[in-house]
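Here come two complexes built around subunit A, the first alongside subunit B, the second alongside subunit C.
== the complex of A and B ==
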C-alpha cells in the first residue's frame, strides 16, 4: 500500500471546503454553532500550517447559492475587504492572516443574503462548485511548482445532506480528483451519511468520517486529517472504507442485483421498457431471449445467486 | 537428405550396425526403425513403430552383441549386430528406445487415424488390413495443420491429450481422481467443461518446429586423446547443403558411387574448403580434387554479382532515383562506401556479404516462399500513391450525426444511489430571509477566540481509537489456510473444496429438463460430499485442536452454504418430472 510518489520533503497543500449552509447551522437541532465549529477548524488550520514551513492552505466556503474563496482571497477588489494586517504580538503572523481572512470572509458571505435567496434549491450547499474551485486552485499550484513537490489534498467539512441536483457535477469532480491523484477527505460533522462524498472519499482513496459527537471536532480533525500523504503510508487512521454501492432502480427505487441499464444514460430499471424514461432513448430491439429472462428473474428473486463459493480464508 | 527421412522425422537413437553382414547404421526415429547401408542414401530396412511386434537382445556376455526385431508380418524379422567397441551400450540404448516405443503403443487404445501425407511406402499396410493403428505423434499430421478428426480416431487422439494433460497438471489430476474415480462425475462430463484445455493442448502438440535460421557453425567435440570429432546429424548435413550448394553438388556426384558417405565427410572436414574461413590453420591441408573444385565453384559463385534485378517496374514510392533532381546542387563527392567492389575493403567483404545474403534469402524462401517475379509493368496508378501519401488525420472529419443526451431530471441518479430525496429542512412557518438574518447576527455576535481551552469530550478519543483498531485489523494480511492447518489437511481441504465446486458447477448446468438423470446424480454427489468428505475432514481437524477445526469450518463454510442452497433447489424442484425421467 506504500505510495512511492510521496516523500518526506513534499510541501502539502490542503484545500479545506467549509460548508456554511445557514439552514443547517441555524437549525434548532444543530449540535454546534458555526462560530464554535470555526474555533476548532481554525485551530486545525493553524496546526497544518505549523507542521512544515512550506505547507500551504486554501479555504473555500460552500454556501447556499454561492461558493467563494476565503483564503487566499484572489484579487478581491471590494472596498474594505482587505485583510487586516495589524500585527498582534501574541499571534504568529501567518496564523493571524489566515484566521482573519476566514472569519471576515464568512462574515461578508453571510452579510449578503441575495445570492442565497435566489437559489432555487434552498438548503443545498454548493459542494460541487467548491470542489471545482479547489481542483482548479490545486491544478494551478501544482503546475507552477516545477519540482513536483506539492502534494495536494482536499478536506470537505460538511453538514448539508446530499444535494440531488448536484449528482453529475460532483461525480465529475470526483473523477477529476481521482485522475489527478488528489484524495478527497470528508468529515460529515453531523447528520446522515453523505452518500456522494462517501463515494468521493472511497474513489479518491481519501478518508471519510462521520463523528458520533461533533463536540470533539478538533480532536477528530487532528487525529484523522492532519497527517500528510507521506505519513499516511505508515499510519492506521480512523475512517470507514465500506461504502454502499448498491443501486436502486429508477422506476421503483428498489435495490436491484440485476437489472436493465440504459446504454445511453446509464439509468437503471428493474424491468425492460422500450423507451428510457430518463433520456428518452428508444430501444429497437427485443429485451432478451426467454431462457435468459428467466435466469435474470430467478437471480433477482434470490439476492445471492447460486454461484460456486470461494475459500473464505 | 530429405530422400532418406520423411518430413518431421527426427532421429532418437543411432549406432553403427551390421545387417546381413553388411556394415551400415541403424537408426531409431520417432516413426520407425531403419537401417542404412554404409554409403547408402535410403534405408534398406524400415520398420514402422506400429509394425514392431517384439524384439530380442543378445545375452549380456554373448560374443556378438545383437538385437532382433520381429515385425507384425508373419516370419519377418531383422537382426542387427553392433560391431563397435562400445556395442553393449549402443545395444542398450536401442533396447530402451524400442521398449519405450512398444510400451507407449500398448498403453494407447486401439483406434485408427489415417496418416495424412508423407507415409513411407516401405511398410506394407495391406499386410494387416483393418489392424488398428495409432498415430504415433501428433506432429505427424504434417503441414496441413490441425488434423481432421475422423470416426474413432478423434476419440483416441483426445484420450491421449487428456492423459497428457493429467500428467502435466497435478491439480487437475487430483481433481480428476476425486471426481471421476470417485464416481461423482463421468469421464465425459469432466472433460465437457474443459474443452478449451484439450483444444489448447492439441494445437500446441501439433505446432511444428520450423527450420532453424541460425548460421551453421560446425564445432568439433574434442575427445580425451586430443582427437577431434564432428557429429553429423541429418540436420547438420542439411544445413551444410543449404549453405554450400557446391558441396551438395559434389555429394550428389560422388556418394555413394565413388566415395562412401563417411569418407566424403571425412575429406570435407580436412579440406581447404572447410578450413578457409577458420583461423589457426594455414594452407597446409592436402590437395583434394573434389573439394578444391568445390571451393573454386563456391568462390566463383560469390565473386560474380548476382544477376541484376530488372528495375523497370519499381514502386514509385521506393524509387530513390526519382529524387535525384533534388540533389543537383550539392557539391560533395558521391558516396562510394556502399558501392559494391569499388573500395578495397568492400572487395574483400563482398563474397562474405553475398554469402550471408544468399543464406538469408534461402531462409526466407523456406518460410515465405520465393519472391514472385514481377508480372509485367504495373500501371502507374494514382490511387495507390494517393493511398500512401494521404494522411487520414489531416482530412476534415465529417461530424457524425449524434443524438444529444437529454436527461430530463438528474435527480433520478441521486435517488438510485442515495435513496430518498432529502434536503435541508426549512421550517414551514419561517421565512428563509429571517433565518439568514438570524444566522448572521449569531455569527457576528460571538468572536472566535482561539486562545481559550477547548472542551473535548473524552468519548471522542475512545471512538477514534476503536475506529483505528478496526482499520488496523483490516489491514493486517489475512491468515492463509496453509498457516492455520497442517499441510496435509490443507491439501485435502483444497481438494475437497475443488471437488465440491466442480460438482456444484455440474449440478447447476444440469438443471435443464433434458439432463434430469445427471441432476439426480449430482444431488447424490453433493450429499456425499457434504456427509462424507467434509465430515471426514472435520473429524480429522477436531482430532488436532480447536483452532484448526474453526479454521477449517470457516474455509469450507461458503462451499457448504452453496451445497445447501443447491440441495434446497433440488427439493423445491417439481418432483414428478425428475422421477419419471429417472425411472
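== the complex of A and C ==
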C-alpha cells in the first residue's frame, strides 16, 4: 500500500537522534569529545538542508533518562521567538536557526541535572524513546504532506553500549519503521558494535557503520549517511557482512545466544519457567536439566558467526 | 528537473571560467548553484568536500552501481564540469578551489562575505507584513501579464519592463530592429506618438502558460543579457539574484552593503515585484515571495502543497493556503467541459487561448475544449504539452484527488489534435526518374537502400526519392552505371537517359 518509489523531486525528512550521554562522551578514553563531534554533526545537518530547499530536519537528543526534541522545538512555532535569533549576514538563515536551536538545546540538557537518575539508567541513553519520538514526528509529517513526496529516514548517532532493558521497545520501533518504509541508519561512533541498532539497520535496510577513525566523523557522515533515498538506488554504500542477531531475554534482560522461546507468543527467556510471563501459557513438560544448563549462555560470550533468533514483538 | 533550472543551467554553462571563479567567491552563490545540480551531482560534491587529496577517476567510478548508476554518474559529472566545479586532469578529479573554500564557508558559516543579506539594525517604522508583500508581488507581476494579454486592467508597465518584453521577443512593437539601439525613453515616447501598441508574439503565448518561477527566470535571464549592454557587471547581477534566493520572506534587509550596480537593480526588480522598497533610495528592502523562491525549484505561488514547501518557521503559511485556492481553480470533465473558478481577467484571458468559453458567472467561467479551440492555440505556437502542463498545474483541489489528475481521454485527444497538424513534414530530397532499364532501377534502389538514404520509391514508375545527404553517393553510382552502359554499347547510340531533377519533394509520412 505504501508508495516505495523514489524520485528526484522528493523532499527528504531526516530525523537525527544524537546520543548525548555525558558518561560516555566525557569518558577519559573517548576519542572525540561531544563539542568536537557536534561541530561535525552541525555541518552535516547543514549539508542535508543545503541539498534541497524543502529538505527538512528534526533533531532529537537521547540523553540519560530523558529524550528531547532539540529542533524543531515547541517555542519555534510560536511567533516572537524568531526575533531572538540575531541575523548574521555570513550564514544562511535556515542553517543558523537549526544550529542555534541544537546548540542551545544540548547545553541546556547538559547543565540541567535532570530528574533523579536511577541506578539502572546510568551509562545508557534513551535510544528507544528517541526512536519512538522520531517515528511519531515522521508519521505526522508524512500524513500532513498527503502527496507522498516526503521521504523520511532516521539517523542514530550513538556512543553508548546497548542497554538490554530497552530490547523490547527498540524492537517494536524497528518493526514499525520497517512497516512504514523508514530506514534507520546507525553510526556507532566508537566502542563495541551496538547489537540492537545493528539489527535495526539490517531489518529496515538502513546503513550501519562503526568508523575506524572517529576523528573523520564528518567525512563518514557526508559520504555514507547523506545520500537520500533516490541517490541510494545508484550508489554503493557500506553494508554489513555480519549482523549480530542476539536477543535479550524478557525475564532478566540479559542478551542471550540460545534461550527458551514460548511456543505461543514467542517471548524469549533465559531460563525455564513453567508459566510464560507474557501470555500466561502453562507448559506441561519439564526441560531436560543437564542440557539446559549447557544451552543457556550469558551475554559475555559473543558468537563467532551470526545466528538467527526469533524476533520478539 | 523543472524548466527554469534547465534554462539557468544553459545560461551558466556559457560563462567563461574567470566569471565562475568570481561567482564562487560568495557562499550564497555557491549554495544556489549547488542546489541546481542533479541529486547525484550534489552527492559527489558533498562526498568530496572534506577529502583533501584529489579523487582518481577510477575511484569515483566505484562509488556508483553499474548500469543506471554509471549513467547517472556520467550525467552528473558532465554538469559539474560544465559549471567548473570539478576539473579532470591526469586521471584525477579536483574541485575548484574557490568553490571548495566558499562552499565549506556556506555550510559552516565561516568567512566574512556578507553574502546572505545584511539585516537592518533598526526596526522599520513602516514595517510591512508577508500578506502585503504577497499582494505587492502579485499585483506587479500580474500587471505585466495583463499587459501582455492586452486586458485593460491596471496601468501600462514602466519603460524598463516594456523594453524587456520587446527585447525578449515576448511582444513585438512592429520595429524591433530599431529598438535594439534606441534609448528606452525615446522608444516609449515614439510609441506613444505613433500609438503603436506592442503585440504579443508566439513566444509570449508560450510564456503565459509557464509557471511563475519559469517566467521570472526567463525575465531575469533576459535582464542578464541586457546587463552586459548596459555596462553592468554580470557577476554582480548574478550574485544579487542568488543572494535574493537565500533571503527570508517578511524580513527587511539593508541595502548599504550593495554595490551601485545592485542598487540600480533594486529599482528594476521592484518593477517586476521581486523586491519591495518603500521609496526610491530607501536604505532597506524586502524580498517578496517571487525572490525567496527563486532558487528553491518549488513553484510556491502556484498550487504547491503548503507543508511540502515551507520549513518549520511557519511564517506565511496562512497566506500560502489562500494562494493555493487562487491557483487551483480548474475542473475538467471527461466530456471536454472546463469549469474555472476564477474572476481574474488574466486567468480568463489565458484560458481563452485554448478553450472555447461559453458562460461567465461572477466567480467562474465555463467552457469547452474543442478541436477548433485547440487548433487555434496550436497555430499560435503553443504546444499540446504546454496546455496539459498548464491544466495540471492549475487543477482544482478536487481534481487533485484523482490520479491522473486530468481525464485521460481529454489529454490524449489534445495530443492527437496536435499530431493531426504534423501530418506533412518537408524534407529536402533528390528525385531520380526515367530509368530506361528495370535492372538499372533495381540496382540503384538496392544500393541506395543499403546506404539507408531512400525516402520513397515506386518500382512501377521507376522513381526513387533520395535524401539530400545520400545524393552524392547515389549520384556517383548512377554516373558509373551510365558510363559502364556506354562502354558496353559503344557503337550504339545511347538509349537511356537519366535525368535528375533537383527539387525539394514532399514525402508523406503518416
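To be clear about the criterion, the second predicted complex is superposed on the first by the 232 of 313 C-alpha atoms of A that agree within 3 Å, B and C clash if a C-alpha of one lies under 4 Å from a C-alpha of the other, contacts with A are read in each partner's own complex, and residues count from 1 in each chain.
Everything that follows uses one rule, which is that a residue touches a chain if its C-beta (ideal position, glycine included) is under 8 Å from a C-beta of that chain, and two chains touch if they have at least 3 such contacts.
Remember, it's a predicted structure, so these values are computed and weren't measured experimentally.
Contacts of A:33 after superposition: subunit B is touched, whereas subunit C is not reached.
Contacts of A:248 after superposition on the shared chain: subunit B is touched, whereas subunit C is not. Of the two partner chains placed around the shared chain by superposition, subunit B is the only one that A:167 touches, whereas subunit C remains out of contact. In the superposed pair of complexes, A:43 makes contact with subunit B and with subunit C alike.
Subunit A is touched at more residues by one of its partners, and among subunit B and subunit C that partner is B.
In the superposition on chain A, A:90 contacts both subunit B and subunit C. When the two complexes are overlaid on their common chain A, residue A:234 makes contact with subunit C while staying clear of subunit B.
When the two complexes are overlaid on their common chain A, residue A:52 makes contact with subunit C while staying clear of subunit B.
In the superposition on chain A, contact is made by A:218 with both subunit B and subunit C. Of the two partner chains placed around the shared chain by superposition, subunit B and subunit C are both touched by A:99. Overlap of the subunit B and subunit C contact sets on subunit A: residues 39, 42-43, 46, 90, 99, 218-219, 223, 236. The touching residues of subunit A, counted against subunit B in their complex, run 1, 21-27, 33-35, 38-40, 42-43, 46, 90, 99, 103, 106-107, 110-111, 113, 116-117, 121-124, 160-168, 192, 195-196, 199, 211-213, 215-216, 218-220, 223-224, 236-241, 247-250, 253, 264-265, 267-268, 277-281, 306-313. Residue ranges of subunit A in contact with subunit C, taken from their complex: 8, 11, 39, 42-43, 46-47, 50-54, 56, 71-72, 76-77, 82, 87-97, 99, 141, 144-147, 149-150, 218-219, 222-223, 226-228, 230-231, 233-236. Taken in their complex, subunit B has these residues touching subunit A: 403, 405-426, 432-433, 435-440, 442-444, 446-452, 454-457, 459-461, 463-464, 467-468, 471-472, 474-475, 478-481, 484, 497, 501, 504-505, 508, 551, 554-555, 557-559, 561-562, 565-566, 569. Remark: subunit C residues 1, 27-28, 31, 34-35, 38-40, 42-43, 46-47, 49-51, 62-65, 68-69, 72-73, 105-119, 246-248, 251, 257, 293, 295-298, 305, 307-309, 311-315 touch subunit A in the complex.
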